[in-house]
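Can you read through this structure? Questions will come right after.
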Amino acid sequence: MGAGVGLVALSTGHPAVAALGFAGALLHVTNHALFKSLLFLAAGAVGKASGTLQIDRLGGLARRMPRTALCFTVGAAAISGLPPLNGFVSEFLVYLALLGAIVSLPVVPQSAAVLAFAVLACVGGLASACFAKATGAIFLGARRSPEEAVPQEVPAEMQLSMGVLAAACLGIGLAGSTLIAGLDPVVRQFSAVSLRETAALGGLTLVGALSAALVGAAFAAWLSVRWLLRRRTVKTGPTWVCGYPAVQPSMQTTASSFAQPLILVFKNILLPVRHQSGSSAAFPAALAVEEHCPDPIERFLLGPGVTGGAVAFSVARQAQPKRVQSYVLAIFITLVGLLWWRLG
Amino acid sequence: MRAALHLLLFLVFPPLLMGVINRVKAAFAGRRGPPVLQLYFDLWKLLRKGAVYSTTTTWIFRAGPVVSLAATLVAGLLMPLGGGLPAPFAFPGDVILFAYLLATARFATVLAALDTGSSFEGMGASREVTFSALAEPALFLSIAALALARQSISWTSILSGQMAAWHLFGPAMAMLIGALVLVALAENSRIPFDDPTTHLELTMVHEVMILDHSGPDLAMILYGASLKLFLLGAIVVRLAFPFEASVPGHVALFVAGLLVYAVVMGVIESTFARLRMDRIPQILIAASVFAALAVAVILVRVNA
Amino acid sequence: MLATLLLLPIIAAAVSLPLGSDRARVLLFRLVALAHLALVGGIWWRPPLPLFGGYLALDAPGLLVLSLGSVLFAGVAVYLGGYLDRAEQRPLRIFVASLLLLEGAISLVTACQHLGLFWVAIEISTLSSAPLLYFHHSGRALEATWKYLIVSSVGIALALLGTVFLAVAATDGSGETTLWIRDLMAGRALSKPWLHASFVLLLIGYGTKMGLAPMHAWKPDVYGEAPPPVAALLAGALTSCAFLAVMRITGICARAGEAPFASSLLVLLGLVSMGVAAVLIVGQTDYRRLLAYSSVEQMGILVFGLGFGIAGGQGAFLHVLNNALNKGIMFLTAGNVLQLCGTSAMASTTGLLRRAPVTGVLLLVGLFAGVGLPPFGLFISEFTILRAALAGGASAWPAVLYLFFLAVIFLGMCAAVLPLAQGEARAGELPLREPLSTTIPPAIFAMAALVLGVYVPPPLARMIDAAARQLGVAG
Amino acid sequence: MNVSLDLALVLVLVLCVASVGTSRIGAAIRYFSFQAAAVAMVPLLIETRSGEISVHAWVLFAMTIVLKVVGVPYLLNRSVREAAVRTEVEPLIGFGLSLAIGGALVALSFALARQLPLLQKPPSDLLIPVAFSLLMIGLLLIVSRSKAVTQVVGYLIMENGIFLFGLLLLETFPWLIEMGVLLDLFVAVFVMGIVIFQINREFDHIDSHQLDSLKD
């Protein structure tokens, strides 16, 4: 989206907006590399420790694997573009480009920029929803899997690699204006204006500062709570579920139930597939409902397109001439055709 | 000096709003209702209490309220209060940082809710996430409209200074305020979208997420919620009352505006009932449409 | 130097006929092929003098096609020993003689500076390649030979007519005409309608020899039935000679100021060939027919490249070299596959990587080179042609179609060849013995393809530029 | 206006159209040999600027007579006799239709010829159109006949057309090329003869209609 805004701005002669767009796009590529690999490493760690990658059979891993949980949460927050981390910085640049486009570009790209702006916001919300679900279902709550597979924390070197990536995410988040020095030479190749003249300079420095402020404030609040509770009694007990006594892990919100309201909202885009079995009697002996959302693009667009193409090709192959007369006929027709077309 | 006044007003005033709203609802219900300063007493009481943590929770549960309060506080640093008090930090693009800080706060609260492992908190979290995903476009479209109208992308320059916007974009401003009010109601989980007073698990959204918090954590959450209400209110108030005045005049105007805002909020809460869960997305999409229309009108005006 | 180069194979063909044993004939063929390669090496080092009153002289394009031809012949010569040992024993008298005659004819084609003589040389090469197809004496081979003969003769006849038309186009006021490439390229006044007609006829005639669609139908039959080393020669060397012909007439058209006319036809036929190849490659079941369609596609790319002036010409010349190497790899490997597993139907042969590791690897290298993946030379040439198409062409549609067809062919080829190499070997199939002599030549070709992909040696680059300039309008 | 030349050309055209119409292979071969004879006459009838017929023309005349009028038909008849094939021909498209298409092709040839103006006057206005129609009908024969021999006849008729075109450049062209044409023609027919002979040994008939086992 960033590159798109950049190109549109270049075509309408607004180098400043273009510089922002390309800077955002390029920085996001690096950031994406960081937090996506962090999330995958964490997923690998979870897979190694618990033996399965089925989200509905995980849960409560944070107790046994606190450091992996921390890294995964940092990764999740980064990918959702939340402030103290690097995801936000690059998305911030793209937003700046979009806002710049909204303010200064001619009317048609302007309205496109407004649409893009709203869509990016909605996507940001959905991304944080998706990764909140992932973090919650995997690491938080009580363990859903049977007792014997007790997950252990992964060995140190795995944690180290994840830690480094998480630190990098936070580092870029707080880096602020130093990023400009890195980005500027690259962006200069795209647009004449240097990043320093655009809004990015002021923006990035303050974003870095305020992210630092956020981390500082959070730390201060953490200390104050600890200080407040030092003389108070801190008890632990079962989760207060409005008094319901027999709480089992399976009663927790699973990943699919967490996503269910969202699927409802986007029902006619996602087109969820629902399998229901079991009798519909008043007290059915066994009832099973399973619902999942296969990727609609693949199901309706790519699938039929490819199979259709393959069938068409094989039909063409069968219809191929096999006798030598038809070979010569082909030459004859080409000859007459071309002569007629070019001479007639 | 003005920054100090800004911080003081921002830190002290918000709990009063909650008190006013509850007082208005009580008046509607024909009862005296809790004293206006009730929230201050609650906060003071909670801060001096101990805390009970569930066995299934981890450090994330403790970090939830802390991070959400910190994020809301930093967001406050970006928001100018009325015409007179510019925000301590203002830079092009702070509108984005403001919105995403609120998103961070929400993310932290949701994670804390999921950590408890109770199905109610999970349900509340999933609803909160769904509604906010739909509210964000409305908020961002309003920001776009304001940016377009005021040709700037920083809260301070949008909201303070000569607000000559009314006569130029009259209708658009009205729609903007409508959309922003709806967003504020959704974000602060007021009646039409969520019921802050209920304890019936099936209906709660925001309340259920903070079920398991206690002591200082609960205090932080309540204080954070009031701050958020105050911030969103500041935007609406400044748009609703765009009059010019001297600095003290602005401050007085702003405080009065907020009180009116709180009363209006209370009136809305007592005259509406909570909507069915599947109606809420429709209302939020309506809010986005309002904001989009506002943008369209402003686009025409700006380019005409 | 040039005379020895041309006469050597023809004399050897004559000598090989009365030779006693087949083994001696194969040895003779190997010696001649390697000597031919050495001679060509010498020529690269010191360009030869024109011969026979200018009728025979090596210019840049001729030398390029000659060198790729002799490289292929050398590779096939080394390969032939191992192949013939395991093929069922047949008298080799005619086979080796026509192989040598083919090599002589190809050398003659590349050296011709007179279009009439050029046509005769192409005719000889066609007739000398016919017996090679009929080596296995099976019903299917006979059918392939018959079809090849009929279609090629029709093509050659049209080419002759085109040459005559060109001569008529070149007659000036005084009734004098010429078919010297030198004169025609020197911007001689050519009558437009005759030139157009001659270009159409020559393009269709030599296009049939190249296997351009819609005249391509003989290729799958011929390459499917011919013994793989012969198919390698046909696909690598013979088609390149036909390409040389098309290149020369495009140059003449360009010099006569008819470049747009020529390029519109070239681009049309190029895209049609790639389209037909794309449609017919997907879902192909026989490995050698798959290679035939890949050859049709490569010819389409070559002609497509020619349609875009000098820049496209550079890409085309680099492509003709890469194509020859690539066809060498794939057909010789096909020969190994055929002999290891008895059939070229892909359904019944899987898991080659396990059972015959070297052949499996070569198969994969051939596939990736053929489909134009980066480290190999074909990528560079296809990329140059694409750049030329985007820069030169009036509209971007040809380039878009070009890319689309390349993508479809990529899908079709990989879907067909990958299971061949990677699938699990069926139980009980023990690893197969791969004689050295049949695996070294394709390996050498693969190395050459890799080198060309990474580094084009300066003399070769200069030669390609010189050749491509012939397609330009000026000087 | 060289009347005798035009006469010869018209004769060639008529014989060519007749060969399309015939159903018997023997007749087709005979028509071809007559046609070849007429074609052989043409180089003699073309008045060269110098008035008398050049040696080159005589050599050509002799070559054509020996090869095309005598040699090739003998070979083809031998193949037909050996294959003991039913003489009549079943074309892929009916005779009426092939004649109609033949006529259309001749018309097309005349139209195309009009597009190709010559700098100096050709020996006869008919030369180019007739040559074109020979070419087209030769191709038509190859495409529409199923018997291998008829296809070869079609190929030879096409070769005649090209020979006529070659005559346009009678004076200026080195005779090397004319020789090349005749030689190649002979070799081509010779090889095809062998192949036909092999075919009937392999398939006990020379109907190339059956040759369609190679497919994808």
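Order of writing sets the chain letters: A, B, C and D. Residues in each chain are counted from 1.
Please note the rule applied: a contact is a pair of C-beta atoms (placed from the backbone, for glycine too) under 8 Å apart; a residue touches a chain by one contact, two chains touch by 3 or more.
Bear in mind that the values here come from a model prediction, so they are computed numbers and not experimental data.
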Quiz item: What chain is the most remote from subunit D, judged by the mean position of CA atoms in each chain?
Solution: B
Quiz prompt | Centroid spacing, where centroids are CA-atom means, of subunit C and subunit D in whole angstrom | solution = 31
Quiz prompt | Rounded Å distance, subunit A centre to subunit B centre (Cα mean) | solution = 27
Exercise. State, to the nearest whole Å, the distance from the C-alpha centre of subunit B to the C-alpha centre of subunit C.
Key: 74
Exercise. Indicate the whole-number Å distance between the mean C-alpha point of subunit A and the mean C-alpha point of subunit C.
Key: 49
Quiz prompt | subunit D: positions in contact with at least two other chains | solution = 112, 115-116, 139, 142, 151, 208, 211, 213-214, 216
Practice problem: For subunit A, jot down the residues that touch at least 2 other chains. | Solution: 317, 320, 324, 326, 328, 331, 335, 339, 343
Practice problem: Check each residue of subunit C and list the ones that touch at least two other chains. | Solution: 146-147, 150, 154, 193, 197, 280, 284
Exercise. Throw together a list of every chain pair that touches.
Key: A-B, A-C, A-D, C-D
Quiz prompt | Residue numbers on subunit C that touch subunit D, as the complex places them | solution = 116-117, 119-120, 123, 127, 130, 139-140, 142-147, 149-150, 153-154, 156-157, 160-161, 164-165, 167-168, 171-173, 175-177, 191, 193-194, 197, 220-221, 224-225, 280, 284-286, 289
Self-check item: Interfacial residue positions of subunit A with respect to subunit B in the complex
Solution: 59-60, 62-63, 66, 69, 73, 77, 80-84, 88, 91-92, 95-96, 99-100, 102-103, 106-107, 110-111, 114, 117-122, 124-126, 128-129, 132-133, 135-137, 139-142, 199, 202-203, 205-207, 209-210, 213-215, 217-218, 220-222, 224-225, 228-229, 232-242, 247, 249, 251-253, 257-262, 264-265
Exercise. Show which residues of subunit B lie in contact with subunit A when the two form their complex.
Key: 47-60, 62-63, 66-67, 69-71, 73-74, 77-78, 89, 91-97, 99-101, 103-104, 106-107, 110-111, 114-123, 125-127, 129-130, 132-137, 139-141, 144, 147-148, 151-153, 199, 201, 211-212, 215-217, 220, 277-278, 281, 288, 292, 295-296, 299, 303
Practice problem: Mind listing the subunit A positions that touch subunit C in their complex? | Solution: 309-310, 313-314, 316-317, 320-321, 324, 326-328, 330-331, 333-335, 338-339, 342-343
Quiz item: Touching subunit D in the complex: which residues of subunit A?
Solution: 317-318, 320, 322-326, 328-329, 331-332, 335-336, 339-340, 343-344
